[in-house]
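Next up: some structures, all given as structure tokens.
Here come two complexes built around subunit A, the first alongside subunit B, the second alongside subunit C.
And then the complex of A and B:
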């Protein structure tokens, strides 16, 4: 079976969603949609046996073969890990949304169409082997994310958040496309596998670093890394299922996927390792610190997602070091990165769903109004507790395992001796440790400020009660995974993580079993990670307990000095600045625009003509002039002069007709009957049209023109005339390539079955031209109709209003 | 003021058909002698304009009860359909086919898919030109 087609299954299913939503009002549309991710998840699990052996599967669908662009579904350890994440979490999110979104109040048709488009896009991103189709799917995720964030489009904040995420991620996407094209130039192919195979030849290429930075820009904007993370908190305006799905589990991990996928190509570079590790760690630090500032449940989770993404990013950077050294600890980093990616999806998904449940059941997400929900919502509390403790990095939850591995890896960077890491390496474990302390604080802050303490009953908009079981089902499944993974980390490692590690580092391993990592919860007292964790718990607990004393520190930062303010200022500036720039030369007068056009055409053509020394007149190629021609030319010139000095419009129109007819006569003289015929009829029709429109035209006036204006116009008019004449003469005098006429003469009978070359050119040889010309003609006709009919309708309206 | 245009109207009634028939001739002859869909369409347009000049817009609309906007669409579809029809015969887009057929009355006639394409051009030219003229002329 061509499983590349399965990428498109969700988007095809999306076609039926609006119909199902409209026709079957009684059943929540989500139940039908649920089938898609469940089926796909089931199907993709069958690949596990292949990828576990380090194998891969390929299925290809040609798209534009001539440009080397195709849809290729390349499933290896890394792709399958992401595909399962997308379909698995997707199924749980759809299940959750069935209870979260009311089937009678919400526009479910829109919601599920967007969600399914996203699913296709995301599967496409993680499976595409062709960078161009990868880019296509990448932008499609941005667009579907835009639509989903703006799902409640009547809210100002939703539209703002949607636009912000779109601007930032599409900016990154475009940069990434540039990087891809540079890679394509270097490698002569768009296939990632082929690029990886010859990556060793890229290192000294002048485009290497540039393409590296461009691709990282794409990854960093998508995965909300510093300083681009600002879109993610605003994206929380989306319905909670979307936040759980796109903005924590899948889409924001596309950047991580990209970094992992391109590691084999770029790991050799110092810039790559510094940027990925450094920016990742900075993001981890920044996000964790600002998470504690937030008061909205989802905003806390958004900042925690930013910070966790940074954590995984820094691990990917540290993992790339294996390219330069064989120390086992860095192999651990890559394993930890992908392992934490799974763990993060489980615990953060469940936490988002709980935040949604709290919002749904109490009517608010403001943590200042919440508290004491533990006794009313015991199940939600348990799930939230498990998720938060895992996020804080405590046993017996999966977050503990990957967090320990993270701390170990960061600690090891201290000893890495290449690229000046021995000077600056000590910063890494310190920053990682501080960030972990804050992670601990915001995890506790999230769960205990919501569920523990005293209830502030009077402030809640709704009377809180436990959520229905259907809504709890998905978070419960995720939370149980959080616990289960803690006890069987090596099974997960064997099935999912090690094949993925192998896919990321093909130069290191020939088989997944060679990834020598065994995850264990206990490393003995000598392990630095253990003592770092102990330190995190002690300091974190102390800081959490004194939170109310120092949380005010955050208000020191003024609003106008934030990254958000920078974004707002950029947007306002570009909007106003561009407006001013356009107004500067767009004054709304057609004559001005014509002056621009004609002036530029003649200046550019004339200068090219003279710079290239292309102006040649060959007198010998001219036809002899006969007396008819001379008389005709005199009439033509007289007609033109008459137009120029005509005082009435009617006179000018008639003179224009005369000019046209004398041109037609020239065609007759030079034996071009087709042209003559067409010219004659065109002149007739256009003069008639002028006469028809005559009564609507305003009186001929000078538009307040001065002498200087007129002089400028005359110069431009003269320039255009000279240009056209010179081009015509030069074109006639020298032929760079021999004329195609002979080919037409030779083939008109045999190839086209016709006799009149002019017409055969129109309908056959250059049929495309004609096709587009008549299309333009139709558009013009409909345009005129539309403009005049619309104006008529307006007139009637204003009359009625009187 | 009422102008006396009996001569114009009477001549027009006759001349219209001459021009129209000539345009049809030119359209069909186009593949071998000067002419074709574009010129043919323009000539028909010219004939209709003559009618418009001699009579008023309403009379012409009554005499020629076509929706010219739809005619434009039909023409465009015809042209595009001819061009894309070749795809179904596994030849590149816009490949024309032609052959000689023996037809009753006409004898041996060369039939060409280019003619269908040209008919599309004809209809688009007439349709959009008259649409423009009708909208501008009808706006007062």
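And then the complex of A and C:
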């Protein structure tokens, strides 16, 4: 079976959603949608046996073969890990949304269409082997994210958040496309596998660092790394199932996927390791500190997601170090990155769902109004507690395991001797430790401010009660995974993490079993991570208990000095600035536009003539000067001058007639009797028409045009005149290909049976031209008739603004 | 003769463009008229002005004027007449409705954006 087609299953299913939503009002549309991720999840699990052995599967669908662009589903350890996350969490989120979104009040048709589009896009991102189709799916995730954030499009905040996320992620996506193209130039292929195979030749290429930075920009914007994270908190305007799915479990991890996928190509570079580790750690630090400032439950989770993404990013950077050294600790880092990615999806997904439940049941997400819900919502509390404790890095939850490994890896960076890490490396464990303290604080802040303490009944919009079991089902499943993974980390490692590690570091391992990492909860008293964790718990607990005393510090930062203010200023500037710019050169005056056109035509034509040495005058081909011609030319020029300086309408019209007749005379001189006849007739009719019309037109006036304007007009006009003269001379003097005229002369008798060659060309060889010419004339005639006949009284009716 | 014609064409184009850039509708229409004259002569000159006889088959004549530019120009003359007639009536109509032939006032205002 061509499993590449399965990527498109969700988007095909999306076609039926609006119909199901309209026709089957009684059944929540989500139940039909649920089938898709469940089926896909089941199917993708069958690949596990292949990837566990270090194998992979490929299925290809040609798209634009001539450009080397195709849809490829390349499933290896890394792809399968993500695919299972996307479909698995996807199924749980759809199940949750069935109870979260009311089937009678919400536009479920839209919601599930967007969600299914996203699913296709995300599967495409993690399975594509072709960078161009990867880019396509990448942007599709941005678009579906935009649509989902703006799902409640009547709210200002939703539209603002949707646009913000779109602006930032699409900017990153475009940068990434640039990086991909540079990679394509370096490797001569768009296939990631082939690029990886020849990556050792790239390091000295001049595009190497540039493409590295461009691709990282794509990854950092998508995965909400500093300073691009600002879109993620605003994306929380989306319905909670979307936040749980896109903005914590899957889409924001696309950037991590990208970094992991391109590690084999870029790990050799010092810039890569510094940027990925450094920015990751900075994001972890920044996000964890600002999470404590938030008062909205989902905002806390958003900042915590930013922070956790930073954690995984820094681990990916540290893991890339294995390219340079064989120390086992860095192999641990890559394992920890992918392990934490799974753990984060489980605990953060459940926390988001709980935040949604609290919002749903109490009517608010403001943590200042919440409190004491523990006794009313015991199941929600339990789930939130498990998720938060895992997030804080406490046993017996999966977050503890990956957090310990993270601390170990950061501690080890100190000893890495390349790229100045031995001098600066001490910063890493310190920053990581501080960030862990704040992670601890916001985890406690989230769960205990909501569920413990005094109930503030009067502040809640709704009478709180426990959520229906259907809504609790998904978070319960995720929370139990949080606990289960703690007890069987090595099973998860064997099935999912090690094959993925092998896929990320093919230069290191030939088989997943070679990844020599065994996860254990207890490392003995000598382990630095143990003491760091103990320190985190003690300091974190102290700081949490005194939170009310120091939380005010956050208000020191003025709003206009935040990154959001920078974004707002950029948007306002570009909107206003561009508007001003376009109004500056598009002033609505037809003269201005004509000046642009004429000036460009003459400048471009003249420069081409001289740059290409195309200006040639062949005097020898000129015919003799004819005395009639000279007289006629003088008449013509006099007529033109008279028109230019005429003060009356009548004079100008008659002079125009004179010019027309002298053109007719030229046709006589140059042996073109048909033209001369036609010109005479047409000119006569034209003059008559002008004379008819001029009575209805106002007197000639220059409407107070300034001398400067007139001079500018004259210069432009002269430029065009000179250009045309030079073109006429060059065109006459050189012919690239011989004229078809001789063919007409030779065949006019035999083929068309006529003697007058011009007439025969018009009515026979080019008969269709003449037909359409007649059509044009008829249209002009109808237009003329219409404009004369339609009375002014009709104006009122035809004005569409009224 | 070609040189003379080329200069003549340049004069026609210069005058035509100058008139088209002005603010009065009638001048613009006259400008388009001159522009089509210039274009016709340009086509004729580009093809070459040689040939001792009109392009009509008759016994013993082999040196015809080039028939192809003539065929093109014939079409162009008729079309340019159609255009002139159309914009002339358009100008009449625009003047009747707006009571002005000043292009700067005919550009509309911000309301119509």
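Throughout what follows, the second predicted complex is superposed on the first by the 624 of 802 C-alpha atoms of A that agree within 3 Å, B and C clash if a C-alpha of one lies under 4 Å from a C-alpha of the other, contacts with A are read in each partner's own complex, and residues count from 1 in each chain.
Keep in mind that, in the parts below, a residue touches a chain if its C-beta (ideal position, glycine included) is under 8 Å from a C-beta of that chain, and two chains touch if they have at least 3 such contacts.
Given the structure is predicted, the values throughout are model-derived calculations rather than measurements.
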Subunit B versus subunit C as contact partner of A:589, first or second or both or neither: second
Which of subunit B and subunit C A:721 touches, first, second, both or neither: second
Which of subunit B and subunit C A:771 touches, first, second, both or neither: first
Touching partner for A:789 - first (subunit B), second (subunit C), both, neither: first
More subunit A residues in contact [subunit B versus subunit C]: C
Touching partner for A:763 - first (subunit B), second (subunit C), both, neither: first
Touched partner set for A:652, first subunit B, second subunit C, both or neither: second
First (subunit B), second (subunit C), both or neither touched by A:752: first
Subunit B versus subunit C as contact partner of A:682, first or second or both or neither: both
First, second, both or neither for A:693, with subunit B first and subunit C second: both
Residues on subunit A lying within both footprints (that of subunit B and that of subunit C): 673-674, 678, 682, 685, 689, 693, 696, 755-756, 758, 762, 770, 777, 780-781, 784, 788, 792
Residues of subunit C that touch subunit A when the two form their complex: 1-27, 30, 33-34, 37-38, 40-42, 44-58, 64-68, 70-71, 73-75, 77-79, 81-86, 88-93, 95-97, 100-104, 107-108
In the complex with subunit B, residue positions of subunit A that touch it: 673-674, 677-678, 681-682, 684-685, 688-689, 691-693, 695-696, 752-756, 758-760, 762-764, 767-768, 770-771, 774-775, 777-778, 780-782, 784-785, 788-789, 791-792
Subunit B - residues contacting subunit A, complex: 26, 30-39, 42-43, 45-46, 49, 52-53, 69, 72-73, 75-76, 79-80, 83, 94, 96, 98-99, 110, 112, 114, 117-118, 120-121, 124-125, 127-129, 131-133, 135-140
Subunit C partner contacts - residues on subunit A that touch it in the complex: 588-591, 594-595, 598, 621-626, 629-630, 633, 636-637, 640, 643-644, 649, 652-653, 656, 659-660, 663, 666-667, 670-675, 678-679, 682, 685-686, 689-690, 693-694, 696-698, 700-703, 705, 713-714, 716-718, 720-722, 724-729, 731-732, 739-741, 744-745, 748-749, 755-758, 761-762, 766, 769-770, 773, 776-777, 780-781, 783-784, 787-788, 792, 795
